[in-house]
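In order of appearance the chains are A, B, C and D, and numbering begins at 1 in each one.
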Amino acid sequence: MSVPVDYYVLLSMALFCIGLFGILTRRNALMFLMSVEIMLNAANVNLIAFAFYHGNLTGQVFALFTMALAAAEVAVGLGIILVLYRNFRDVDVTVPSAMRW
Amino acid sequence: MNEWIAIGALALVGILIPLGMMSVSYLLRPSVPETSKRATYESGEVPTGGTRIRFNIQYYMVALLFVVFDIETVLLFPWAVVYRDALESGEVTLMQALGPMLLFVAILVVGLAWAWRNGAVQWAKSPRQVELEANRP
Amino acid sequence: MATAFEFAPAIALFPLAAFVIALVFGDYMPKKGAFAGIFATAGSLLLSLWVLATVAGGEPYNEQLYQWAIGDQIGFHFGILLDPLSALMLVIVSLIALLVHIFSLGYMNAEGETGLRRYYAELGLFTFSMLAFVFADNLLMAFMFFELVGLCSYLLIGFWFRTESAPSAAKKAFLVTRFGDYFFLVGVVAIAATFGTLSFAGTESFPTAAEAAIDNGETLFGFDAETWVTITGLLVLGGVIGKSAQFPLHTWLPDAMEGPTTVSALIHAATMVAAGVYLVARMFGFYAQSPTALSIIAFVGGFTALFAATMGVVKDDIKQVLAYSTISQYGYMMLGLGVGGYVAGVFHLMNHAFFKALLFLGAGAVIILMHHEQDMWKMGGLKDKAPVAYYTFLSGALALAGIVPFSGFWSKDEVLFDALIVGLEQPLFLAAYAMGLIGVFFTGFYTFRMVFLTFHGEPRTDAARDPHPIGWSVKVPLIVLGVLALVAGVVNLAPIGKLTGAEITFLEFWLDGEYGAIEGLTYHAYHEAVPFAEGYIGTETVTMLVGAGLSLGLALAGAGLAYSLYNVPEPVPHTEKLGSVRTLLRSNYYQDEYQVWLAEGLTLPLARAADRFDQGVIDGVVNGVSSVSLFGSGWIKRIQTGVVTNYAALLVLGFIALLVVLGLHGGWFA
Amino acid sequence: MAPLIELHSWSALAPTLILALTGLVLFVFDSIDPRSTNRSALAGISTAGALASLGVAVWYIVAGVGDPTRRGTFDLFGGQLIVDQMALFFMVVVAVVTAMVSIASYDYFLEHAYQAEYYSLMLLAATGMSTMAAANSLVTVFIALELASLPSFALVAILKTNRGSVEAGLKYFLIGALSSAIFVYGISLVYGATGYMQLEAIAQNLEGAEGFSGLLGLGVVMLIGGFAYKTASVPFHFWAPEAYEGAPAPISAFLSSASKAAGFVIAFRVFATAFPIETMADIGIDWTLAFVILAIVTMTIGNFAAATQENVKRMLAYSSVGHAGYALIGLAGLTGTGSNDVVLGAAMMHLLVYGFMNTGAFLFIALAEYWGVGRTFEDYNGLAKQAPMASAAMTIFMFSLAGIPPFGGFFSKYFLLTGAIDAGLLVVAVALVVNSALSLYYYSRLVKALWIEEPVVERDSLTQPTGLYVAIIFAAVMTVVILPGFGPVADTAIEAAAAVVP
């Protein structure tokens, strides 16, 4: 008994779109970050599903790398959000808009 | 499709049980509003403020460090899985199998040492440090 | 073993060095740099003679020296072509330049001119340009030095730039010749684009290529090859007409008399004006391919010869007379070349160089004598007071009028003879011949009118009674040239040769490569290429005798009329008798007026319209483009709203657009 | 040629490893002496590391590493990393920019509190970029890209109390995170379609991906997105103007030169190696078309937006976007109708020259910020009178950026133009010419301000900070002398490109 790979792809695409939707609609920097994490995990779902499908481990190992990098990204992101809060007293990503045009 | 029906049923039961318990308790309990009940619960102590307080920045620091170092250990995992097999197969020497991971850990140690020395894991500053900070331009 | 050819570049480089030296050190040198120029041109003359001797020894020279641009199809280079024609011309040019330099000592230095450093520097540059033009081995190099010659003439004509007339004359000379050169440049480009080469000589030359194209019946740029050769040849001819002051671009030349008389001598005898005719001779192999171009050359020449001669009749200023005679004489050369008389044209070019330099230098001497008075009516009776000037001037005048046995007779007669024999078969050319023939009469008349008014009769002013003495530096060049004007004809005594059967047409042999020449650049090759048949009245000898007798008779008639009218103690202007014709002639047939009208009435409105078009439409478009760009810029930069969520949205939209375009293109959705 | 000692294949990566090691040394230094303000030691270590990396990379090129006829290319870790001429070429670009920026930072971060962090982050980012040059698998591409990106985010926001810097860091980070999510998803799709991540293996297994052409196509477009982000190409360029404007000027220089070059090298390698044009065209994925569109749109938007800027740094930022469009011609021209190696080599040359002229230009901005003269064109009025040498250097940069002979920028742009025409991309060639003409307008505007205009306000006399001056003058000299040296550079670039394109 195995689930066809198409389903995983659909799942990951749904996750990806959910994440994208979050990015486009949320103004809170933390939500933005979470949405990005969802998108990254969508990729992870794909990777692991395809690794299973193709029968090699590359995808799985790469998923681990992706997770590690995602964590690092979050760490940097949180640091930036912290200084953002200190400077703007807010974590709304639409507030800093002094530089434009 | 049989297997899928079982899974669906299990999920249904899993959702129904907590919902049922909550609704039963809502129906059975008496409702007596009182200010002390609405107050923030602080292990029986008299609360000193609202729930929306700002945490010490150190919480974030530690949390960030934790996330990073925690996830780095994930990378140890595939290595650990193949380590023994690799050695037993005799195709790689001990150094070739162990060396890269030691290097990896060493780099992590440099990072950790740096974070430590820069006070990322220090909960409070010692008087000497405070003094040093003050003297710094 | 060093040969003359290894030093050939030095022929031109000596005057260039003189130019630099005079320019930099002129003020600190004795005679303000004159000696630098004299030594340089003397060096050039010696080297030219050596080259002439070497070429005579049967060794022509055609080398590419320096390639300065290389393209896929064509390369541009500097090179030297030394064949009988260019070797001869080098000698002429360097000789005249040397004599002019020497004469300048007396004419410029002795008269206390200022700005002599500039004068000698420009003279050096002028000589350099002309010499380099003469030995150029390709049309583009020739064009470059052609332009440089024009520039130098502009500088020298405007030497007295503080006067009112000199700068405007210089400007006129520059602009009119530039108008012709414009066509020349187009022609150079057309020839380069058509034949892929600009060399004059060798297997890879454009005349050869043109001949091959005509023989193969190729179609070039939508024309058959001969028509195209005619078109390009006529374009180049534009430059020739401008430089050699042929109708209708002759108007600059009389005005150019504003320059120092020495400069006039150089310009008229050996450099600027000669450059045009020399160019026709240089690429004669090309023109020979096109009977149409040749007949146009012949007609322009014949017409100019007559036209300018008539205007010379009524002039009062001695230099003006000479100016019109120059135009007229170059008309004869063009006539000669146009009817296929290559030898005749070159022969006349050479003789004219000598006697016209002589006449101008003589006029210069007269002007010195007359304390800078140029009006012939204020002269008279100088014959006894300055015998050297008189006899040399007379020698030049006899040559100019074409009186046997002076050099001008032989060459002019040959030109007319060639025109006659071609005209006998192609009656159209008889008209050109007739114009040339009538021109002879006027030539004789104005020449001797000038001589008599200047040297004979009684002195009419104080200045003429008490002339300023002239020194050796004036006399030496006059004597040298005077002798040459008398004897230069011996190099090609064709009539005598035909009568006696003696082999004395040396110039013809020379140009025909008897002594060595580059294949294809010989008189014979040209003569075969020229498509005109020749006919004779009776026999060749009879024809020749008839032609020579006719022209000599007309010249003598002209001279005789002048004698009867002006060789009297107190001559009076007889020009009033001409009535309205006099006004017409004095006004130079209103040539200047009509050209000014062309400029003001036609060109100016056109230029205004073009300016309006440029300002309004072109600039409008340019300004419009720039303001639209800046406006667009203002609009495009608004995309960057500053809000990061918008960026994410635009980014995703852009991404999807790219996806859709690529998907539609690749057919993913099909 | 002295024989290269036979080294372990690891040592082929020495330019990258030296950078990584230098970064770690800086961390150790900071651990021993936290919050050190010993600027000379820190800037010295990082400059020395960058120069060592540069030296080794140049030595390798000269010694023939990567030249198939001499020492051959080095495959590491089963083809995950590759050291060929192209890798070394871009390692040189990264190292030289890093060195210039390190020297310049010595003066720029005079009063800054996080000296050691700054230099170590920069070296780590440089390590990432250097690794990108050698990455030969989507795994290493992604890891290297993140290794370059993450420190860059922090570097842009390193002026923690400067709202501009923080805003720039935030925008850069958010767009960067989104782009890398898209990129990694694209990787997962390509992996799904072919089953491999190693570039040659992908190319070999494209035949089997027929059934997945939709997935593969989506994945390829997503990869293009990831590269577009890294190279600041439309439509992933939105971070660039803000990040370059808000970041400390040396960091702007670093990002717009080295980071962009690194983005291009992975794009070159991935598309030239993993997705051969003919095979992909058979599947219906004509990625050169995508790059044609991106090149035109990027150069147009970049230059047009730059034209009316008032802030000099922002003008340079947009011009940097425009130059990304020029370099994209290197990929757009790989249509196979022209000579692929020439057009790709031209883009490489342009990135090298750009590494000098653009770094120099941003470092001049750094100098202006150091002097505190202000940010707009007007503020720069008359600087030439007070600082003629730096202004002359800036003039060279501006004219070279505009592509005026005899500076280096002219030649690389000329090669790009001929390459585009050769490849039959007349539209691209026209866009290149039009945009270059427009760019001359705003570049010369700055030159005019420097030399011709009178200062608006009186300025005190300006100091001459050694580090900044050294870096600027070096960049200017290189921009000029790259012309006589262009022969070997062009040969190396075209040879390197020929080894990569099929």
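Keep in mind that, in the parts below, contacts are C-beta pairs under 8 Å (C-beta built on N, C-alpha and C of every residue); 3 or more make two chains touch, one makes a residue touch a chain.
What you see is a predicted model, and the numbers here were worked out from it, not measured in a lab.
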Pair of chains joined by more contacts [C-beta pairs], A-D or A-B: A-D
Geometric centre: closest chain by C-alpha means: D
Where subunit A and subunit B are represented by their mean Cα positions, the distance between them in whole Å: 19
Separation of subunit B from subunit C, taking each centre as the mean of its C-alpha atoms, in whole Å: 99
Mean-CA-position distance for subunit D and subunit A (Å): 26
Centroid spacing, where centroids are CA-atom means, of subunit B and subunit D in whole angstrom: 38
Subunit D: positions in contact with at least two other chains: 170-171, 174, 178, 182, 241-242
Interface hub residues of subunit B, defined as touching at least two other chains: none
Where subunit A touches two or more other chains at once, by residue number: 23, 61, 65, 72, 79, 93, 96-100
All pairs of touching chains, each written as two labels joined by a dash: A-B, A-C, A-D, B-D, C-D
Of subunit D, residues touching subunit A in the complex: 138-139, 142-143, 146, 150, 153-154, 157, 160-161, 163-164, 166-171, 173-174, 177-178, 180-182, 184-185, 187-189, 191-192, 195-197, 215, 241-242, 245-246, 314
Residues of subunit A defined as touching subunit C within the complex: 20, 23-24, 27, 93-94, 96-101
Complex interface listing, subunit D residues touching subunit B: 24, 27-28, 30-32, 34-35, 37
Residue numbers on subunit A that touch subunit B, as the complex places them: 1, 60-61, 64-65, 67-68, 70-72, 74-75, 78-79, 82
Subunit D-facing residues of subunit B, complex: 107, 110-111, 113-114, 116-119, 136-137
